[in-house]
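In structure tokens below, several structures.
Heads up, the next two complexes both have subunit A, just with different partners, subunit B and then subunit C.
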Partner chain A sequence: MSHNDEIPAAAHGYIALTPAACTSCMLCVRECPSWCITLESHAVQTSEPGARRPTTVSVLDAFTIDFGLCMFCGICVEVCPFDALEWTPRFDYAASDRSGLVQAIDQLSGSGDQR
Partner chain B sequence: MRTVESSRWWEELSALAVDGFTYLDYLTAIDRGTHLDLVAHVVNPDTVEHLLVVAALPGDSAVVDSLVPLHAGANWHEREAAEMFGITFTGHPDPRRLLLRDESAAPPLRKSTPLPARVDTPWPGAATAGGDDAAGRRARRQLPPGVPAQWVAEGP
Partner chain C sequence: MTPAAPAFRLAADPTVRVVVANLGLACCSLEVDVAIQRGLLVPDEDGAGAAHCVLLVSGTVTDVLAPAVVRHYEALPGHVSVMSFGACASTGGPYWDAPTVTQGVDRLVPVSVYVPGCPPRPEALVAGLLALTAEVSA
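For the complex of A and B:
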């Protein structure tokens, strides 16, 4: 049964991540008052055709939100300069153990198993 | 909002009660760093006017008259403010702890009291964008906002 139709689109239900938009800038991780976001990234050098020097970009390796600690304040969503985080009305992510509340890229981006 | 001298806390709240502010909605405190603000919110039930009354208390000798003889409902609020902020309410009829069991615990809502979870937990924000060896240098070490540096656990 789904009540998703009745929940406003911007409801503080679940925080979705768009990995392609995330630059691993760490702003959300640092601003989160609950310290419940973790991020791992590595740097790679890229050369654009015609550019004089290669640029260094961060590549996102891991991103987790621990919904067992999150207080749904929305600060991470507000501070993300690239709109990589957004509220979604999802609510059905109860877990049978504590670790199930720590959601990784697959779950946050909706690309993997939603449970 | 009305700011009053802490030595006149009882007198001011009594005068307000005579003026119709007979209902104490809540009483709490705020640690401003330099001092504590004791806050009472009183309501006039006839006119529904309401007023915040604030008195500054020095952090190292936070003593003030209890309002319980005036507002019986202040009883638990003062017991909570006493244990959370280290305030002594003179004349309180039952100054036991309300929520905290540990008699020796430092008042947890004082900003000077370390929060164990913040001391024990490595801050996830300490990681550097691009990894620690991004471009062969380590970015300036970041510290979590609002947490005294000496509380911060070293990362793994």
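For the complex of A and C:
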């Protein structure tokens, strides 16, 4: 059983990440009341021909949500300026060990296919 | 102390029969009742001898209650699998830094399956029971 038709699409089941939309701004990490999100990034300087100054962009290295701690409040989803985080109704990700509840980029971004 | 542990079949897979010792400590336990009311868990009158006995811990485990949880676990006969249902039972949840809250029931008894959610849906309870019984049978 992976999906139940009675579950509304907007159900607070699982938080999915679109890594390409994330700018590593850290708003979700800071606003999370449970402190269940971690984010690592590094800065890259780019300089385009003709630009007046080099610009610095953040590159996302790591992003985890600890669903053992998460209180599914959705503040991270609300606060994300670029809609990189979204709710999915997925519920079937019980883990046999504690570390299995800590989900990283590959799991968070692949969840859309698994529901 | 011998807790009354009713037996259930799963509507999703009626071959799965479980004895569920429901240790509801906070709001997550309501979802267990919803699972029964919605027929996801079907009472199994003659299933008392079911192979799988699950101690279902749902809700916040406070340090005051911790010894009672351990006694409950030890009082259950035979092999007992513990399900940690919801964020509080798994880690302390939103209260993880509270001085009076146990940071996860796995600090007291071995946990076989962690069901995420705050609270998890009733369907997540069924998915967790299926994962647990599949693991025990394997």
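Basically, the second predicted complex is superposed on the first by the 105 of 115 C-alpha atoms of A that agree within 3 Å, B and C clash if a C-alpha of one lies under 4 Å from a C-alpha of the other, contacts with A are read in each partner's own complex, and residues count from 1 in each chain.
FYI, contacts are C-beta pairs under 8 Å (C-beta built on N, C-alpha and C of every residue); 3 or more make two chains touch, one makes a residue touch a chain.
Keep in mind it's a predicted model, so treat the numbers as computed, not measured.
Contacts of A:E40 after superposition: subunit B is touched, whereas subunit C is not reached. In the superposition on chain A, A:A20 contacts neither subunit B nor subunit C.
Legend: residue contacts after superposition of the two complexes on their common chain; A:S96 is shown touching subunit C, with no touch to subunit B. Contacts of A:A51 after superposition on the shared chain: neither subunit B nor subunit C is touched. Here subunit B and subunit C are compared by how many residues of subunit A each touches, and C touches more. Taken together, the two complexes place residues 35 of subunit A in contact with subunit B and also with subunit C. By the touch criterion given at the top, residues 23-26, 29-32, 35, 37-43, 56-58 of subunit A touch subunit B in their complex. Note for the complex: subunit B touches subunit A at residues 121, 123-125, 127-131, 133-135, 142, 144-145.
By the touch criterion stated above, subunit A contacts subunit C in their complex at residues 1, 4, 7, 11, 13, 33-35, 66-73, 91-98, 100-101. Interface residues of subunit C, counted against subunit A in their complex, comprise 12, 87, 90-94, 96, 104, 106, 111-118, 120-121, 123-124, 126-128, 130-132, 135.
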